[in-house]
Amino acid sequence: MPYVNIKITREGGTTPEQKAALIKGVTDVLVAVLDKSPSSTFVVVDEVELENWGIGGLPVNEYRSSKTVTRAPSPQPQQKKT
Amino acid sequence: MPYVNIKITREGGTTPEQKAALIKGVTDVLVAVLDKSPSSTFVVVDEVELENWGIGGLPVNEYRSSKTVTRAPSPQPQQKKT
Amino acid sequence: MPYVNIKITREGGTTPEQKAALIKGVTDVLVAVLDKSPSSTFVVVDEVELENWGIGGLPVNEYRSSKTVTRAPSPQPQQKKT
Amino acid sequence: MPYVNIKITREGGTTPEQKAALIKGVTDVLVAVLDKSPSSTFVVVDEVELENWGIGGLPVNEYRSSKTVTRAPSPQPQQKKT
Amino acid sequence: MPYVNIKITREGGTTPEQKAALIKGVTDVLVAVLDKSPSSTFVVVDEVELENWGIGGLPVNEYRSSKTVTRAPSPQPQQKKT
Amino acid sequence: MPYVNIKITREGGTTPEQKAALIKGVTDVLVAVLDKSPSSTFVVVDEVELENWGIGGLPVNEYRSSKTVTRAPSPQPQQKKT
C-alpha cells in the first residue's frame, strides 16, 4: 500500500516516457525491497516551477547562477549541519 | 484544526460544484467524528494529470488499458473509475 | 485512485473507532461525489503533537489559551475544538 | 536538511519577487532557529486555485463572501486576507 | 533537486537496511531517468500505523481480513502485501 | 489561508521553544510578504528520524560520515543538475 510523491523541478520538459520510467523504477524498488504489491502502489509526480522551488535561500535558477559564478575559486570553510 | 489534502486524477473535468461537494463532505465528516470546528478546517484539492499518476508500475491510463485487455474474457460488471 | 491525507492534532486520544469512521466517511464522500472506487482510495491519518502545530503564530495550546483569555468577557456558547 | 512546503491560495498573482522573499525568509528562520545549512534547505511553494481550497466547509471565495455578509453590522477594522 | 516522500504501512518492522535500500534505489532511479544529482536528492520515508491507513473504506488490517474471508473459496496463489 | 509543512531531521532534541520560534518566524514571513492573516495560517512541524531521511542515496548519518571522511582532498568535477 505504498504512496510515493516525487517532486521535481519543471525543466524544459519532462517527457511522458520519463515519467513512466520514474513510476516503473520507483515501484520496482518498493517491490524488490519490501515485497509490496505493484497494484496497490501509487506514485504521484509533481512538477514544480523553478521560481517556486528554493534552495540556499534563493529560487533555483538564481541559486544555480550564483554557484556557477562564485563557487570555483573560494574554498568552502563552513561546516553547518546538512 | 484539521488539514486535509485530497489528490485525485484530473479526468476531463472536476467541476467547481464537485469540488465544493468534496470540501463540504469531508469537513462534515471531521465535524461529525471528531467534533472539529469547520472554521479551522482546511481542505485542499489537488488534481493530478493522468500521466503523473502511477499505479501497478504504470501511468494510470496505461494501467487501465492493460486491465481492460487482460480482464476481457471474464465479465466485469463494476465500472468504477479506479 | 484518490489519495487523502488527514492531519489532525493529537488530543488525548483519537480512538481506532474514530479513525475507522474518518476513513469510511471520507471514502464515502469520494464515492458519492466523484464515483471513485473505494478499493483504490487511500486515506492516511497523521496525528500531530500539539507543540508541532501552529496557528496564529503560536503553538496550538498557547493559541487556545490566548483566545480563552482575550475572549473571556463576551459569552461564547460554541465550544468546538479548533 | 529541512524541507518546507508552503501552500497558499493563488490570488491574482504572487510575483516572483514575493516568492523569492518567502524562500529567503523561511530559510533564514531555519538558519536562525536551528542552525540549518541554507544549501541543504529546500522550500517549495504551491499555489492553489481558490476553488480547490476549502475552509468552513466552503470553497475560499464562498467562505469569504459568507463572512462579509454575516459580519456586516459590526465594524471590522482588520482587513487581512484569510 | 528532487524531493521524494515514501509512505508505507508500519509492518512489524522495516529495518534500517531496508530503509537504506529504499533511499538508494529511489535515488538511483532519479539519477538514471532524469540525470539528477544525488547530493541534492532528498528521500523521506514515513511509516504509518496500520490503524491510520485506510483502503476500501476500512483500516488496512480490517480490509485485509475482509478480503481473506470473501476470497477464501478461490485459490489465491499470490500473497503480496497490499 | 496558508498551510506550511516543515520537515526536519530529529536531532537529539528540538525543544518546544525552538518549535515555537519556527512557528512564529514562518508565520511572520507570510504576514510580511503576502499580508496573510496569522489566525488562518497553519504551520505543521514534522520531525523525521535520521534513518528515515536520505540524501546522496544514503541515510543522513551515513551521508554525513562519508562526507567528513572523503570530501576534503578530492576536487569535485561533476556538474549535474542540482
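Chains here go by letter, A, B, C, D, E and F, matching the order in which they are written, and residues are numbered from 1 within each.
Note that in this section contacts are C-beta pairs under 8 Å (C-beta built on N, C-alpha and C of every residue); 3 or more make two chains touch, one makes a residue touch a chain.
Predicted, not measured: the structure shown is a model, and the values here were computed from it.
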Exercise for the section: Note whether the interface between subunit A and subunit B is symmetric in residue numbering, meaning over half of all numbers used appear on both sides, and answer same or different. Expected result: different
Completion exercise
So the chain most remote from subunit F by C-alpha centre is B
Handout entry: Euclidean distance of C-alpha centroids - subunit B vs subunit D, Å
Key = 24
Fill in the blank from the handout: When centres are defined as mean Cα positions, the distance from subunit A to subunit E in whole Å is 19
Handout entry: Centroid distance [mean C-alpha coordinates] between subunit F and subunit B, Å
Key = 30
Practice task
Identify all positions of subunit A at which a residue touches two or more other chains, and write them in rising order.
Solution key: 1, 3, 7, 22, 26, 28, 39, 42, 44, 53, 55, 60, 81-82
Exercise for the section: Please name which positions on subunit E make contact with subunit D in the complex. Expected result: 1, 3, 42, 44
Problem - Residues of subunit A defined as touching subunit D within the complex - result: 7, 48, 51-59, 62, 78, 80-82
Handout entry: subunit D residues within the subunit A interface of the complex
Key = 1, 16, 19-20, 22-24, 26-28, 31, 34-47
Fill in the blank from the handout: In their shared complex, subunit D is touched by residues of subunit F numbered 1-9, 14, 18, 21-22, 25-26, 28-30, 32-37, 40, 53, 55, 60
